[in-house]
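In what comes next, chain A is part of two complexes: it sits with chain B in the first one and with chain C in the second one.
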Partner chain A sequence: MAIQVSGITKRFNDFTALDSVDLEVKSGELLALLGPSGSGKTTLLRIMAGLESADGGGLLLNGEEALGLKPRDRQVGFVFQHYALFRHMTVFENVAFGLKVRPRGQRPGSAEIKRRVTELLDLVQLSPFASRYPAQLSGGQRQRVALARALAIEPKVLLLDEPFGALDAKVRKELRRWLRKLHDDIHITSVFVTHDQEEALELADRVVVMNQGRIEQIGTPAEVYDHPASAFVYEFLGQVNRFDCMVEGGIARVGDGTLAIPTQGGVQGPAVAYVRPHDLGVTPASAGPARISGIHVVGPDARIDIDLAGLALEAEMDRERLATLGIAAGDRCAVHIDRARVFAR
Partner chain B sequence: MVAAADSDGPLAGKGRAVTVRAPVAFFRKPSVLPGFGLTLGFTLSYLSLIVLVPLAALIVKSSGLGWNGFWAAVTTPRVLAAFEVSFGLSFAAALTNAVFGFLVAWVLVRYDFPGKRLVDALVDLPFALPTAVAGIALSALYAPNGWLGKPLNELFGLKVAFTPLGIAIALTFIGLPFVVRTVQPILQDLPAEEEEAAASLGASRFQTFSSVILPAILPALVTGFALSFARGIGEYGSVIFIAGNMPGLTEILPLLIVIKLEQYDYAGAAAVGTAMLGVSFIMLLILNLLQQWMRSRHAR
Partner chain C sequence: MPADVSLTASAPVPVPPAQSALTEPVWVRIALITGALLFLALFLLLPLVAVFVEALRRGFDAYWVALIEPDAVAAIELTLIVAAISVPANLLFGVAASWCVAKFDFRGKNLLITLIDLPFSVSPVISGLIYVLLFGMNGLFGTYLRDMGVQIIFAVPGLVLATIFVTFPFVARELIPLMQEQGSDEEEAALVLGASGWQTFWRVTIPNIKWGLLYGVLLCNARAMGEFGAVSVVSGHIRGETNTMPLHVEILYNEYNFVAAFAVASLLAMLALVTLVVKTALEWRFGDELAAARH
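After this line comes the complex of A and B, so read on.
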């Protein structure tokens, strides 16, 4: 394994940022730390890099105890959300920085530095921009420079703090795909922090969902999405409809029986049921219990707001399905649910 | 400007306004910021009234001597020595301020300690204090029988008051706030992430300082240096008490000018003033160009 975190704890005054966190990052994998702001994900990443100290616990990098090491001795590449490029240096100088500051004995010659930097700029597709200053680049280009700069020191581990957070949606998506491809090519053990569930699910080999300084679940994107371990994970990964319900004999009843949902698992008594919008079926019914309060078409999909006896629900379907159903805002309809996850309250 | 605006009316909507505006557009880039003509006009008249006219009067006054007379007046050994004292010591004081003023700014920005606000306020005192008061206080302190002058003399044989060293100390005193106040805001805005990035890339503390922090604040540091330097050249009040004012040794240019005035040698005083102005202008111009060059490398 490349990184082993055991029992790491970190407090800022009264606030517990990390509460005894254990985590193993396998060699060569791309791991996402996913969570809302304040969940401790960035703190954990900064502790791995040595930019923040831990109050307790242990950290092994490639089997070596690393908590006592300075950042410069950890052989870790760090990419910042806001790039943190050296603005008085050209792109070339930025990438070369990590090589130029090496102690005299380990420093490559200037021809070797030039070769390596050129190679890295090719890798991040920025060769024509070598003599530009960071201020002359777009956000996506700057982040690629930051990545090349971090890779220049040949780190054992690459840590990325919200690497796409400061970019606009389209560039973010492109850069995300590009990073995935890059990782498939060079296979460097990488950990990235994000609050965007879509980003984590698309990019990562494994996703670590964090909340309030603890790890809620670790698993592949499919595992955490399809089998969320807790109510928090379910709510955090994508849109949900949430019902307070009573479970009796495998049937969850919402309110005074307006809705009965079949459930799995052995939960009994008061519980919370979750249904994804695309698992919520809608059929037109003139005497149905629900009313359609609004339809929003977003690109190829349609979002349908439903009012079920005072309960606001959201359904999602593609536009063709919407056209087939022939429903409009104000119509009455029936609602049926095939799948729901229930967590005890 | 006004003419262009007037002819704007009838031509509007005919697509020919551009031709009419061409001479104005030569100076002016299209902008939504209003008042270019008004503010430029005001700035130029104001600068003329406050700065250029008095300086021109100075040059006119000294021109009464003729070129040869002027040259003779400013190349006497006493004037040349005063030039050396004024510019040399101002330069040394500004350099000292650049180093220690930067240190003060660094401490004020980077660390929290009890009494920080007080120290911050102390930095401005040399601005507020009448310079003569500062001069008297410094000469009392560094005089051979003063609190600091006595031990310095007894322990190291170092004479401060009434020597060039004393002048340098007075100039350092009055120039300090310039460096601190120009560097402080830049240091405050310096993102900590750049330093963290340097550290994670393997740079030592010293390398981080010399190749990341220093280049970023260098333009501000040069500004502070230039201001401190310029202030030192013109300084009079605080220096004359501690200098001893021995011609050729500790006599500064402003004092020499006053002495010439007292001897009713107005043209001679104006000549020295003009020469001083010329040298200062050239030096500040060089510093400004240097700064511009450094800023352009940031390409912000």
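After this line comes the complex of A and C, so read on.
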């Protein structure tokens, strides 16, 4: 096991950033810390790196107690949200920094440093830019320099703080795939922080969903998406329809019986039901209980706003399906739900 | 389709030449620029020229004699010594103060920032006077210092102390905003990459602030050599011993020795000019890097 976090607690004055967090990061995996801002995910990452101190708890890095260690003794690579490249150094010097500051005995010779930096710049596809300054690079290139620099010290663990946060949508997607491929090649234990659920679900082997300084759920992307452990996870991961309901004998009833949805999991009484927009079926029905209040086409998908007796719902389907149904804004329709997850209120 | 929103192409209509929203009429621009230039000429350039004209009124020989006369040489030496001690001292204090203000959060930080600005808001005479009250014959530590045989007031240490006090804010005020803007991300990155605190300071912090630091030192030096008020109070005006250049100028002027007074004053004026030129040269030569350091 590469990283073991046990009962880590951190307070900033009255604010509890981390509330006794336990987490195990397996060797060689790519783990996402996912949560809204203020959930403590960055604080946890910074504590792992030694950039922040913990108020209590324990941290093992490769089996070694690390909370008392300085950042420089932890052998972690850290990629900062805004890269924190050394602005007065060239790309080459940035990557070489970690090798050049080693104590004399462990410092590689300048030929060896040059070889390794060149190798890393090849890896991140930035060899032609070795003599540029950070200010002369694009966001995506800076990001890759930051990564090469972090890898130069041959860290046991790679920590990335919002690695794609400062990039535009297209570059973000490319870099995401590229990073996933890089990780598959070099298999370094990696933890990255993100508030973007799509990013976490696409990139990570396992996702840790955090909220208000606690871990809500840990699991593979499919597990956390398909089987959210709490109402928070359900709402945070992806679009969702949320409505109050009354569960009696496994059937959730909404309002005065406009909807009846079969449920699982033994919840009884007042509850909150969650339905993903793509689990919500729409069929045209001239005397149906619902009305289509709007249709928005976003790329290949269509988002359909539905008004069900005052209840605003959202359905999602691809455009072909929409065309087959032949519905338009203002039409009446019927709504059916095959799957809903309910949590007691 | 109503006719008034028709999009049919029609003959191009001549468009008046585009005028930027922020452009003023020509006569306003000329008037403003002339006004500014006249003001500068009258209040800055003319006095500066006057210094040199007065200094050379009796020819270059008289000018030169006034500069190599022993009291003048002593004043120049003393000024250089005071600057040589107080500027490095303020360099150190300035970097240390900006470092802790910009990179750390602590109680009393605002108080520290206010204190750094204090010398700017206090009259220089008061700055001198506080040292007389502390270290003078009748001052707080006066008796003790006399028994120890240490003289501070009316001697070089007093001049240095007063100068340090007056010029303290220059380096710190230049660096604090710069370092605050840069944040401590790069320092953190260096630490994680295995650098020691000392390596981080020399390889990351200092290179990032070097131009700002040079600015601060230049301004600090100009003020250290030119300071009059605070130094005047603690100096005692002993000719050839505790007179710095500005004080020497005043004495000569009060003795109606105008050529000598303006000759020494011309040196100070040249110092100012050199400072300006170096500052401009730095901005011109390293403008990119200065901008990069603030990017």
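The criterion applied here is as follows: the second predicted complex is superposed on the first by the 345 of 345 C-alpha atoms of A that agree within 3 Å, B and C clash if a C-alpha of one lies under 4 Å from a C-alpha of the other, contacts with A are read in each partner's own complex, and residues count from 1 in each chain.
The definition used in the following text is that contacts are C-beta pairs under 8 Å (C-beta built on N, C-alpha and C of every residue); 3 or more make two chains touch, one makes a residue touch a chain.
Computed from a predicted model, the values in this text were never measured in an experiment.
Superimposing the complexes on chain A yields a three-chain arrangement in which chain B and chain C clash. In the superposed model, A:227 makes contact with neither chain B nor chain C.
Shared-chain residue A:107: touches no atom of chain B or chain C.
In the superposed model, A:345 makes contact with neither chain B nor chain C. Residue contacts after overlaying the shared chain place A:26 against neither chain B nor chain C.
Legend: residue contacts after superposition of the two complexes on their common chain; A:84 is shown touching both chain B and chain C.
Where the contact sets of chain A with chain B and with chain C meet, they give residues 49-51, 70-72, 74, 76-78, 80, 82, 84-88, 97-98, 101-102, 133, 135, 149-150, 152-153.
Here chain C touches chain A in the complex through residues 185-186, 188-196, 199, 203-204, 207-208, 289, 292-293, 295, going by the rule given at the top. Against chain A, the residues of chain B that register as touching in their complex are 191, 193-194, 196-204, 207, 211-212, 215-216, 297-300.
Against chain C, in their complex, chain A makes its touches with residues 49-51, 70-72, 74, 76-78, 80, 82, 84-88, 97-98, 101-102, 133, 135, 149-150, 152-153. Residues 49-51, 70-72, 74, 76-78, 80, 82, 84-88, 97-98, 101-102, 132-133, 135-136, 146, 149-150, 152-153 of chain A are the ones touching chain B in the complex.
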